[in-house]
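Look for chain A in each of the two complexes below; its partner is chain B in the first and chain C in the second.
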Partner chain A sequence: MTQVPNVFIALQRNEETRPIVDAILADNPGALHDEQPAMVKINVPGRLVVRRSTIEQEIGREFDLQELHVNLITLTGHIDESDDEFVLSWVH
Partner chain B sequence: MDMKVNKKLGLKDRYNRMTRDLNWTPSYQSLKDIYPYLEYEGIKIHDWDKFEDPFRMTMDAYWKYQGEKERKLYAILDAFAQNNGHLGVTDARYINTLKLFLTGVSPLEYMSHKGFAILGRQFQGAGPRVACQMQSLDEIRHAQTQIHAMSNYNKYYNGFQDWQHMHHRVWYLSVPKSFFEDAVTSGPFEYILSISFAFEYVLTNLLFVPFISGAAYNGDMGAMAFGFSAQSDESRHMTLGLEVIKFVLEQDPDNLPIVQKWIDKWFWRGYRVLTLVAMMMDYMLPKRVMSWKEAWEIYAEENGGALFRDLARYGVKVPLGWEQACKEKDHLSHMAWNVFYNYGAAAPFHTWAPSEEDMKWLSAKYPDSFDKYYRPLWEHYAKEQKEGRRFYNKTLPMLCQTCQIPMFFTEPDDHTKIAYRESDWRGNKFHFCSDGCKHIFDNEPEKFAQSWLPVHQIYQGNCFPEDVDPSKPDFDPLMEVLRYYKMEFGRDNLDYADSQDKKNFEAWRAQATTN
Partner chain C sequence: MQIDLRNVSITPLRQTYNHIADYLGADKAASRYVEATMGVQGTTNFHYRPNWDPEREMFDERRTAIKMKDWYVLKDPRQYYYGSYTQARARMQETAEADFDFVESRGLADSYDDSARRAALDFYIPLRHVAWGGNLNNGYQSAYGYGTAITQASLYASMDQLGVAQYLTRLGLLMGNESELEAGKHAWMNAPAWQPLRKYVEDSFVVKDWFENFVAQNMALDGLLFRLAYKEVDKHLNERAGPTVSMLTRFPAEWFPRPASGSMPWSRPPPPRVPRTRCCSKSGTRTGWRVRRKRSRPWRNWRWARKPARPSPACAPSSMPAWLRRAWRSERPSPTPFPGDRQNDPSTQRVHRAAAQ
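And now, the complex of A and B:
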């Protein structure tokens, strides 16, 4: 199989996550946005990045990436988290 | 003046200071005495500090975010109850999924809490110990919030009243119960591999994501709130599972065969438990988000496939039974719901035959199997029911010694033939539903020969209330078993069509929507 497997993140669909979802879509070209009842799942081939600065631009306040936990439903891939970025990937 | 003087510690430093740096090396007790369970399973760990918790969650952050989750959750639960939210669900058939959930899943959350509390004490490394302590707290939170959310339904609907009593007695509930008891009675490494990796990472998306999204789709804000709140912790648990397996495999090459054996065992054990979820998704939700088959393709085949391709670099192989599970995706829910329809008198929730509209959906979702194998069955049942002969099976089914599910699974390549497997051990014959379950028994016959099989126990006379008198002329063993289960015949069981739940729901809804 040469196709790069998807990684994904799923969040509850509410007013807190709307700007987060927008930020993820902006930072990940090729992201597929899959809306299901009460939730949203974002699929990206290979690598998905959640960037603090983009979310902060969207919401106009400081954001701690660990705030993601409040609305997180599920994810896949290896996680690499720092203060600025939360990255999911199947890459080593 | 935007110069920052006291720069906050970065995430990595903060995590190290607040977890590892709080650990110490004992000086007057040996490590072996403090952590006595770490060697007997054969797993070799050389450096516990190599374990990396990718979320780097510290206890203070944990309490902060968990507190926020709880406040959100209880605000929704209160609003839902206050506003008679239960009358807004699609149809009272839906509520039967909650009865199954409360009796079958919530008690597992509590078991899981106990299991992780043990690990939070027994692992030598500070990183995994803290992660397990957090998970132990998460799991008791899940049990509590689920019981709380569903207590609202207990005020109005039948079958919720004795969930804990039932969990320890009712025939099909021994399936999830024995699964978790198997895990919690194994060693610390097998436990974490079974629950965090095989169950949480590979399989729980199938339980919580489409099913809870389905709860929202059916108007149940209560179940949506507890389900997604639990699932937000689940992301951390899954990550722990993946991290643990990488850590264990990187520590010593001798660990691989042990780990592979557990992956094979626990994938199959977990998959068999999910049989209940398959039928919930396809048959019990009045409005369905996706079929079991579609969920299997997304979360198991696609995502699990990517996972096992990734783990191949350690020499890990796709679990035994994976191929069969993929083949069964066209059949699992249909076979299971058929059995519950058969035994609708012996379960504390209602069952029903799918309507013509439901069957249209099933045909479209299962083009290769539904019309050929299962539609004729449902049409036959519907005809019988229409003529006043709703079929209830009054014999007791044979159970698989390992998964404890009635032996209804068909051969993977012939769906007209029930699969039977058997093993002889110490002069007794043991029966299995599949190669997977036989394989598990053959590896650990001492453990699985002791299975508390509900059907055997009924036949041995161990499932009657204390005041029963078998010498009475009108002694009816099955009715006595239901009394032992604390199920009220005619109220908690039988077909949905004639249920008090249906009558009440319709009357209350009419009241809510008219003057």
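And now, the complex of A and C:
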């Protein structure tokens, strides 16, 4: 059996990223939440999606997905981004 | 001497305050808004009843006919507590100031059409008295209301209405001069056209029930007025004389939320997901030129483009060379770049070699 490789995203742990992390955990059912000192790492097998609409529901204002980069530490996977979604996966 | 540096992870014993954890139902990290709002309303240990209302406590739920099991369900969807509110307003104010500077530095107010200027001044200047009424009413709600969730929002709205009044005043000073403000006050007090609105505003001052006051001011009056003043009239002035006045009324126009509930993007359900086909899709992502180019002509740089998720034969455009179209359909890159070229075709070469041996 082939195992689906993980993708992850690591964000600084602060007041701004908490709703983003909550949104990612809500949107990715298989997500593993790994809290480290000053950092939150979210591992997901296969595909990780960050959805703008979910973050907006969490924070109650309009959100530009580019704001993510302010608190982004690192990530793995190929990025497919649009105005509404930021998707990490290993799919070409 | 040797120094070892080590990461020590210190996990907090508690994620939030107990009363917040009770409210959320679990000890989990709460937003600043929730921490600054839930349970802040004073509820017990009032020493004396106020002289101005000895029937009731200082903070009393009974000052409105509305009964709530939990006053904290009236949460602010914008999640404004002091910090986020002041930051959001600072940003809006910066934009508004820049617009005023722009209009002033380019002399746009002087070159504005005179009849449109008259219409704008006659309409917008008296509205500063309406905004002042909004300031007073929202202040009343926050003073006599109950439940921090709604009273803090009322206080912010009160300050915002003051801001609206100030920007309208500055509009008057920029488009005209001080006498315009006097004339506006005179029209507000005497012109028959304004009297019904003035009566409504002044009647709302004596609405004792703070929640009724809230509905009368923020939903009935502002709900109708802001759309009229900063959308309809604004559009009309734009068509007549250009967007100068729109720039000066930007703060109130952007302050008032878009009208119907559910019209805010975050209160709308997400649109149904359409399975994306990567070939031929003109409406792919809209992020950057690279992504768009990849999507619009994928066969041009097919080595770098993603493979089509599930290409249908119909998707292969006729402008594509035949060999690539075949590859495109079979979802595999063609083994030979030029199938007609038998010399370079590995599958046929093997046959040749076998024949030669």
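Just so it is clear, the second predicted complex is superposed on the first by the 91 of 92 C-alpha atoms of A that agree within 3 Å, B and C clash if a C-alpha of one lies under 4 Å from a C-alpha of the other, contacts with A are read in each partner's own complex, and residues count from 1 in each chain.
Note that contacts are C-beta pairs under 8 Å (C-beta built on N, C-alpha and C of every residue); 3 or more make two chains touch, one makes a residue touch a chain.
Quick caveat, the model's predicted, so the values are computed rather than measured.
Touch criterion met: A:6 reaches chain B, while chain C stays clear of it. When the two structures are aligned on the shared chain, A:33 is found in touch with neither chain B nor chain C. Using the contact criterion defined above for the overlaid structures, shared-chain residue A:62 touches chain C, although it does not reach chain B.
In the superposition on chain A, contact is made by A:81 with both chain B and chain C.
Legend: residue contacts after superposition of the two complexes on their common chain; A:53 is shown touching chain C, with no touch to chain B. More residues of chain A are in touch with B than with the other of chain B and chain C.
Residues 36-37, 80-83, 92 of chain A lie at the contact with chain B in one complex and at the contact with chain C in the other. Chain C contributes residues 7-11, 29, 31-32, 76-79, 88, 265-266, 268, 270, 284-287, 291, 306-307 to its touches with chain A in the complex. Partner chain B is touched in their complex by these residues of chain A: 1, 5-8, 10, 12, 36-39, 66-67, 69-83, 90, 92. On the chain A side of its complex with chain C, the touching residues are 15, 18-19, 35-37, 51, 53-54, 56-57, 59-62, 80-83, 91-92.
Across the complex, chain B meets chain A through its residues 10-12, 54-57, 61, 65, 68-69, 72, 205, 208-210, 212-214, 216-217, 224, 228, 231-232, 234-236, 238-239, 242, 289, 302-303, 305-307, 309-310, 313.
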